[in-house]
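A, B, C and D label the chains in the order they appear, each numbered from 1.
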Amino acid sequence: MKSKILIITILLLGTITVSAQRRILNVPELPGYVTLKCDFHAHTVFSDGNVWPTMRIGEAWRDGLDAISITDHIEYQPHKQYIPTDHSAAWKIAGPTASNYNIILVKGTEITRSMPPGHLNALFITEPDSLVRDDFMKVIEAAVAQGAFIQWNHPGWKSQQPDGIPRMYPVHEELIAKGWLHGIEYYNDVEYYPLVMDMCRDNKLAPMGNSDIHAVISEEFPATQYSHRPMTLVFAKDRTHDSLKEAMFARRTAVWYGDNIAAMEEIAAPLFKSVISAGVPFKDDGKNIWFELSNISDITMTLSGGPEGAPATLTVPAQGMIVVRADRKYLSQPLTYNVDNIITGSNSVLRTEIAPARK
Amino acid sequence: MKSKILIITILLLGTITVSAQRRILNVPELPGYVTLKCDFHAHTVFSDGNVWPTMRIGEAWRDGLDAISITDHIEYQPHKQYIPTDHSAAWKIAGPTASNYNIILVKGTEITRSMPPGHLNALFITEPDSLVRDDFMKVIEAAVAQGAFIQWNHPGWKSQQPDGIPRMYPVHEELIAKGWLHGIEYYNDVEYYPLVMDMCRDNKLAPMGNSDIHAVISEEFPATQYSHRPMTLVFAKDRTHDSLKEAMFARRTAVWYGDNIAAMEEIAAPLFKSVISAGVPFKDDGKNIWFELSNISDITMTLSGGPEGAPATLTVPAQGMIVVRADRKYLSQPLTYNVDNIITGSNSVLRTEIAPARK
Amino acid sequence: MKSKILIITILLLGTITVSAQRRILNVPELPGYVTLKCDFHAHTVFSDGNVWPTMRIGEAWRDGLDAISITDHIEYQPHKQYIPTDHSAAWKIAGPTASNYNIILVKGTEITRSMPPGHLNALFITEPDSLVRDDFMKVIEAAVAQGAFIQWNHPGWKSQQPDGIPRMYPVHEELIAKGWLHGIEYYNDVEYYPLVMDMCRDNKLAPMGNSDIHAVISEEFPATQYSHRPMTLVFAKDRTHDSLKEAMFARRTAVWYGDNIAAMEEIAAPLFKSVISAGVPFKDDGKNIWFELSNISDITMTLSGGPEGAPATLTVPAQGMIVVRADRKYLSQPLTYNVDNIITGSNSVLRTEIAPARK
Amino acid sequence: MKSKILIITILLLGTITVSAQRRILNVPELPGYVTLKCDFHAHTVFSDGNVWPTMRIGEAWRDGLDAISITDHIEYQPHKQYIPTDHSAAWKIAGPTASNYNIILVKGTEITRSMPPGHLNALFITEPDSLVRDDFMKVIEAAVAQGAFIQWNHPGWKSQQPDGIPRMYPVHEELIAKGWLHGIEYYNDVEYYPLVMDMCRDNKLAPMGNSDIHAVISEEFPATQYSHRPMTLVFAKDRTHDSLKEAMFARRTAVWYGDNIAAMEEIAAPLFKSVISAGVPFKDDGKNIWFELSNISDITMTLSGGPEGAPATLTVPAQGMIVVRADRKYLSQPLTYNVDNIITGSNSVLRTEIAPARK
């Protein structure tokens, strides 16, 4: 009886249920910024999704997200036999709910073409109808004129790129040359594309990670298997729509999926430092020292390539702690490790230093 | 990337994903019949639900159900600004998927009036448009003419019955007198109405239990809290649409919610016997005997009121076993217990006998 | 094969497995102190427990505790047919492991008498054999002479106090008069004794909460039912054995069990403030304001008795957040609530004020 | 307070708690036999284990086992500084509890030598002290004289066999020639040794699987990771000590670990048939048929190598069901599959046939 007419009416009006509960995500930080947890790719019944738009807001709230974009397809409306095309409908329906849940709703759409150019999301647009035209470059031009952040979606999706390897076509190079491409999905749904990290570094683009959800988040990423949906972490000056947009164009993003972070080196390094800390050695037997290594984030950190006289590998669990026993020479020099779960390129992970604290 | 265009197209065509997994529910049986697990109350975006109709079939398949009815409101279409009214749309969309998943899809609708008469589901109808009329009795007459099973929904719903106590109004008595009412919801969503058991017994109606789902089953009844959605067990001759209908009109139903079963006495008694069995005493110290009591169902059984010289209460866990120690006089006479989780009336539970097996 | 001879040998020597993982508990804090998580009541095979002493250290480490005491019975050795009495054995065996895991091991024992006086733990003792004597007062005198903290255990345990109501006998009053009683268990195993809070306040004693574990922590307090074992939070200047002892005699303790905290008012108030914070109102419709209330601890906070124009009750989930909608007059005056899960007396809970943050 | 003196006393006397709950394991069957679930390798504080013997009975009961053996080391007593050697102590202590829980307690011990011969369990012995002697062959002779079933333990354990590959030494061949070796552990703790299946087949020995538990079953095999401990399934005429023994000498065993079964071909084939069944085709489009495949066991079945016109692989979940779509020619001929999780040799799995049911 919970969701009968009266209550549904309330939802349509966008009034919140004050008892709704939101989880807090403990994620790495970039000094001077707040970490916004975002998903910039989602569908509803207004294109080929299976849920009503307000559901996307409830999911985002419960999941601890700060911002989402609903990005129904422009060119693909398989339900139109039953639901007339309306490119603004999802935002109009979801908007009041987003406002009451303090969720930043980014107006977006998915420009849906065969490869090349493939699928691209235009985020922060205002007039979707202006994007309904055949000429792809004209569509992007119209979106950019509205201030859009253009994200190339799932560039290695096998339905469009059968070998699964993302590659730049001339159209993408043209977009980049014009400053009309701003980010690429490194992660989409349950797939990732390692080469995207290099593409982003070489072309000064933001790596992005999104759910591309069509059905239900909690079923696609069940808690028994996933601690969270894939998402883009954006390091913004404030938790506002405009700060979010500024940060994205400034490429202050990281991708969080499973227990992994993908980010450019200059962002990855401080992220690690913000969650891992070493204690003062609590035991010293003249040969070895013992100290605690703790992790305040929800992301288990996996280190390898440890130095001589120290563990070769270390797994520091999410919101957990381990004891490290190491040669006492590490009282005066740091231990170097690879952070295998912080990806900085198609073939590289973060290299970091750990040192026991001084008394 | 899982649910992109190609896959969505497949779903629309009703083609199954052969890897989809269905759970088997271990439920009580009535000798000579198969137990069909059914949910006769569900909504979609075509009235005030939040999901596309095919979602209901996927949920039913995974949940181990045999039959569902999609019962969108006739009189209440809050999405009609975006989705034009079509009372057959949900069945047309869900039908092919149901067929491929071997789910019996019962065509239904919810006749949605203020109390009295309140809300009633017409199940097994064929022409929903004929039910769009003001005169309530004419609506029911039209439904019955189509062979409908009429179910009175949530008679104690506080939005319509502020004290929460279901009561018969003249309109209901008229329906019964005409043979136009066949079942009443004892359980709806997360509520139950004890008096419905008496109403059903006194008027020869079938007790029903349904989810009345508007959003997502796995979120409304999360596995961490619920082992299954509320449902109606129907004891049918076969797992077919027609056998299901025959059984419902013959009132061979029980309601399963949480670890409880609500059923008329004559059905409740054999149900218990079908899942609980006692072993041969494995120890006899001259004063007491020890024997095992096992439960092959997914429903924990809770017994109380035990006789002198035996445990006052017994909890036999789902798919579990306990040891009972009792006076050895029970080698020759049964132990009597109340089965607190098998409800037979507003104020009664099943009374049963347990006897250790003979060697 | 994991725990074969070689590995067991290592455990006996107290060498740690560096891969062992410890969880971090997010608990309330008292400004100026560190919160030590402690369990001062546990048994091993050396009295009537079921495990080897090193197991208690491994459990404490994994559970995120800082200190434990192993407190085998002095007067009760049911295994002595197989294990000769040795009141120091458990500490000798567990000590090296504790040292390698950075766990503070408090030497303790349980003085085990019928009621009155019942059972009392002597903590921080050094010579247990000196406590083996008939005269109870002499035993306590000897313990106190060793610097012991005397804790009265489970004063409402029905095996000794059939009505379950803890009461002071002359012997307890004598102990208090002499300064020989320092704390009382408000919580033991799965029981709590409300009146203990008043006894502690009236007599300037520390409320304590402990597991009194005999078997296995993870089975007695399974993760599916309990987020943690019952424990005493001690607010110490440092994470050292001596600071812990100082804090206990200074009565800076709180009891954490389930989602509840029991503490004297002066401690309870800052604890709440350390974990709950209100955000700046993000919506103001001229009549109401909307703001977020978040909880960084692992303890769900349950508020009731809310003021007019605000929710009557609020549940702020562990590591979660809710939205509060309240009359905009609360922009300039705080909202008052009872914190139902922070117990300050047998009949009182914490009363607190919440105010939305200023921009 | 649950496990205080009175209750512990009760446990020592072997009186059961009637509320203890046992889970029922749904495992494959061999027609004409009952499937006994057994663990023939476990330790207690009386050698190098960490728990009191009664704990092993409680674990077995809750885990749904029918029989266990406590097999403390003869030659290795690391706790003897605190616990005097007593090779019968564990049985004497656990026996009354086993009797009250209807658990078959097999008296066993682990003969603990360096490789060769390594470690061997003597099961069904009566006089352990007679096994305390230097000459290994004399020890085995004495055990066999008591009717022992001799099991070679973890033959590929790297502490004794550094390359992890089990191999027969002359001493093992001598045991086999004399009829003094009856089974080999294919699975121990978390390791398995593929070649053991061939050794068993070639020498007519029983494959065995055991936990070799030293600490706590629920922590070594946590429910979040394991659905059950590793065990030996024994197909006995009855659930009695003597039937169990007869079945073991007759080599009617299978090993169950994770979702895998290891058994000789002649046993493996009927096991699969006892849990997997195919339904009548419920759809036939003239080209393909659709039918259900269900699995009533707790073991997910994984099939591969499917024939042309049918799915290449099938995963039939534990207590679950899938739909199979196949060419309609399979109405008249069975589909052949490999059952990847039923191992019949070091390099072979069960090959089986599946046919949709006839109406």
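Convention: contacts are C-beta pairs under 8 Å (C-beta built on N, C-alpha and C of every residue); 3 or more make two chains touch, one makes a residue touch a chain.
These figures come from a predicted structure and were not determined experimentally.
Novice: On a CA-centroid basis, which chain has its centre farthest from subunit A's?
Specialist: D
Novice: Nearest whole angstrom, what separates the Cα centre of subunit C from the Cα centre of subunit D?
Specialist: Taking the average C-alpha coordinate of subunit C and of subunit D, the gap between them is 41 Å.
Novice: State, to the nearest whole Å, the distance from the C-alpha centre of subunit A to the C-alpha centre of subunit D.
Specialist: From the centre of subunit A to the centre of subunit D is 45 Å.
Novice: Residues of subunit C touching 2+ other chains?
Specialist: In subunit C, nothing touches at least two other chains.
Novice: If I apply the definition of touch given earlier, which pairs of chains qualify?
Specialist: A-B, A-C, B-D, C-D
Novice: Please name which positions on subunit C make contact with subunit A in the complex.
Specialist: It comes out as residues 16, 18-24, 26, 64, 99-102, 282-283, 290, 292, 294-296, 311, 314-315, 317, 319-325.
Novice: Using the touch definition from the top, list the residues of subunit C that touch subunit D in their complex.
Specialist: Within the complex, subunit C touches subunit D at residues 1-6, 8-9, 12, 45-46, 48-52, 54-55, 76, 78-79, 82-84, 86, 89, 93, 112, 154, 157-159, 188-191, 212, 214-216, 218-220.
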